[in-house]
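These notes open a run of structures that come right after.
Heads up, the next two complexes both have chain A, just with different partners, chain B and then chain C.
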Partner chain A sequence: MTAAEALEQLKKAGLGDGVELFAGPKDAALLVTRERVKQLLRHLRDSRPFSCDLLLMITGTHMTEKRAPDKTTPDGVDVNGGVVKGTTVKGALLREAGFEVIWHLRSVAKHHLLAVKCRLPLADPRVDSVADLWPAADWHERETWDLLGITFTGHPNLRRILLPESWVGHPLRKDYVAPKEFEGINLEVDAPWPTP
Partner chain B sequence: MGLFERNLPDIYLTRLADLAVNWGRASSLWPMTFGIACCAIEMMAVGAATFDMDRFGAGAFRATPRQADLMIVAGTVNAKMAHVVKRLYDQMPEPKYVMAMGACTVGGGPYWKHGYNVVKGIDKFVPVDVHVPGCPPRPEAIIEGVRFLQRKIMAKRVLAQGVETKPDFTGVSVSPGTVGILDPTVRPTSTVYRAPTALGFLAPSGGRA
Partner chain C sequence: MADPMTAPAKPQIEPAKPQTAPARTLVLPGDPRPPDVHVDVRTQELQINMGPQHPSTHGVLRVAIWVDGEIVTRAEPDIGYLHRCAEKIGESVSCIQYVPYTDRYDYLAAMNNNLGYCLAVEKVAEIDVPEKAQYVRTVAVELNRIGSHLMAVGTYGLDLGAFTPFFYAFREREEILRLLEWICGARLTYNFIRIGGVMRDLPEGFAADTRKFLDLFETRLDEFNDLLTHNHIFVNRTANVGVISPDMAIAYGLTGPNLRGSGLRYDLRREQPYLLYDRFQFDIPVGTGIKGTVGDCWDRYWVRMLEMKESVRIVRQALDQMPATGEIMAKNVRHLAFKSKPGEGYLGIENPRGELGYYLISDGGANSYRSRIRAPSFCNLSILEAILPGTMLADAVAIIGSIDIVLGEVDR
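Right after this comes the complex of A and B.
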């Protein structure tokens, strides 16, 4: 089942609000608003045409803002022969900066894969936990929280899974600055790499 | 050696005793079973039949630091693991030796620039005796590392006073295509580790004090 077919099915079931098709470079996914995530994933798991009984993984990304290329007009010459500097117009905003969470689902019975995406604002990255739908989500959500700082509300035990408990910050954020020391262990580089 | 630690006069007899002790230490290095990451696969290969590190007396991998002489740190050490490595080192009885195996433990390796969590070389928290670079090093390189460590142990003073001689850095690459542990431009010099049965070993010669 492709994402387009899945969207058709969802619209038939009356769950099409807040769900749209996300056309990726290789495969399509369902783009959902965060209020609808839990309800949609529960439907994908339980309803007969989908029966996505296996959660393959949950991933998160910190997306920077995306703009169209800047437009610069070349330098011109005015009527008196003087040089007129060209102007630069900033490209239009194509995508705002924010987080993206992706749930990869698999149906063992129906042999299909589905990806569900959700975009979260940078200031308040918060989305419902699905650890009660698939127990596998527990560690994946902890990892996403550990590395990106996305809060999964309703998670039974949301604490760091890879990094030490006392670690500060979330390293996969674009604005993260690596620490020079952690609990007495020096993490600095002694000397720059020798350039040939 | 406790009470006599480098306190006895530097005479023929004490040097002979040093030699015997050093020979014992160098010839039965017991490494600790301690594989952190992918380098451990090569470390296992070194212990297995094809390469057989037991030929050099270093094949008895112990499952506890209390029985080990040599800690082969095989794999990426991150900030969380560094405390464990340090503790294991502290639990080993003296004399103890550390081999930094692989690019990560030598200087951070591929995580050198963006590894926010990786210690850029384990010599930041434990004293390292021999660095074996490679990603991962070939088993021959680990054997060469062990043999270098044996030369280093043979050059130590245990009972007798005196200046410790530096081990002989003979830069012989062990197999073609292997990055040598030592500088391959250095030619072998006179004081290579020789069998301790030769008493001529003690005679004053070029490199030895």
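Right after this comes the complex of A and C.
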């Protein structure tokens, strides 16, 4: 089942509100508003045509703003010989800044793979946890919180999983700056060897 | 729940509070004593630390285990000791440069990791791989799968105190490492499968040598079965221990031999054939509970033993069908200035440990914008929290070993 077929099915079942098709150049996904994420995932798991019972992974991406290159017209000369300043037009917005969370679901019985995607604003990256639907989601949500700082509301135990508890920041954010020092350990690349 | 963005982090492991455990009503299977005897024995809950330096955790895994007497009441795996920023590196080096890094995640099945990443890049960048290269890839990954399973079953015996089978498994694995060294020069981290094809063609005489090895290997598998598989002590330690029901396996996202050990016939080589797996004949072994219950440790072990036989069949067929000459690298890959087309894609392959998936986002540059690894060991390990409570402490080793994790992949 492709994402387009899944959307057809959802519309037939009256669950198409807030769901649209994310048609990337390669993989398609169901793009859903964050209020509807949990309801949709539960439906995909439980209803017969989908039966996506295996949660493969949950992950996120920090999307930075992307604009087309600015357009600048060169300086010109008017009829009187004076200089006319060229103008700069800011490039069109190609991609808004924010977070994307993606859930990959596989159906063991029906052998298909579906992806569900949700866009979150940069300032408030939070989305419902599905740890009560799939126990597998527990560690994936913890990892996404650890590395990207996306909060999964309702998660029973949202704390770091790969990094130490006292680590500051979320390394997979594009604006992350690696610390110079962590708990007395010098992390600079060209740091001198410690003297005993 | 407190907001984790602002609230101070909870301590990782709560210190065990000295307390008197409630009267124990747990009765061990096969124990003839009536439960009252146990109720009289009051014990204190004790927290013990298994790992990170422990021979049976197969790397740097720490499991905090709470025991009441000899029975595990709670277990909490603590991971991250081998975290090497795999995904951050994936964003900061080019796709071509990233291939050797993938070797280091599941270092026992490095060929499979190369393959998973290359297939995902090829999917996003729309690269067609020549047929000959696909056969060479199949031979390499299936030999690597045998090597990886040999390591899994060999060290599993070692975990349970059977020392000799380990050496028999390593004798066979050594042969495989020799064959793989012959084709690419490395014994563990191969970097043999490249984006668009493979590094080089199989050397002359490789097919004949491999066939000779496969013939010998099949007889040696029987020897291994006599030594370990049907060994009475080994069966007693593994049958009916750590039973994972099919529903539970799916809920925890188990894949690979662990899922098939629970009786589910699910193999990506069959369900979503990549490479040329639709051209080969092979069976998908599943756990049937011969020695105990479906989904116990012995079943998971036995699935791996049977899978090695199937890999032998696949390698033989691949060597038979392989064209004598042909391109081994796609034409349109400009390795020095490789840029992927913008797009995103997920691709999963059947690693020896389960479904290894790479989710890549490219925005048209040389580097991936995002490269996420769906590591099978990471997902498989999370079931420990659920299956350890209620078992004997000594069985914890048997259960962890039967899940067959590689910590390089868990922590990435």
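One rule holds for everything that comes next: the second predicted complex is superposed on the first by the 187 of 196 C-alpha atoms of A that agree within 3 Å, B and C clash if a C-alpha of one lies under 4 Å from a C-alpha of the other, contacts with A are read in each partner's own complex, and residues count from 1 in each chain.
The definition used in the following text is that a contact is a pair of C-beta atoms (placed from the backbone, for glycine too) under 8 Å apart; a residue touches a chain by one contact, two chains touch by 3 or more.
Nothing here was measured: the structure is a model prediction, and the numbers come from that model.
In the superposition on chain A, A:L163 contacts both chain B and chain C.
In the superposed model, A:D53 makes contact with chain C only, not with chain B.
Once the two complexes are laid over each other on the shared chain, residue contacts for A:R36 go to neither chain B nor chain C. Contact with chain B, but none with chain C, is seen for A:N186 once the two complexes are overlaid on the shared chain.
When the two complexes are overlaid, the chain among chain B and chain C that reaches more residues of chain A is C.
In the superposition on chain A, A:P135 contacts chain C only, with no contact to chain B. Looking at the shared chain after the overlay, A:P171 reaches both chain B and chain C.
Within chain A, the residues touched by chain B in the first complex and by chain C in the second are 163-164, 171.
If you check the complex, the residues on chain C that touch chain A are 1, 3-5, 9-12, 79-80, 83, 85, 87-88, 91, 123-124, 250-253, 255, 264, 266, 271-272, 341-346, 348, 355, 357, 359, 361, 363, 369-370, 372, 374, 378-379, 382, 386, 411-412.
Listed in rising order, the residues of chain A touching chain B in the complex are 163-164, 167, 171, 176, 178-179, 182-183, 185-190, 193. Partner chain C is touched in their complex by these residues of chain A: 24-27, 53-57, 59, 61, 66, 102, 104, 106, 108, 111, 113, 115, 134-136, 138-139, 145, 147, 149, 151, 153-156, 158-166, 171-172. Against chain A, the residues of chain B that register as touching in their complex are 79-80, 82-83, 107-108, 112-113, 116-121, 124-125.
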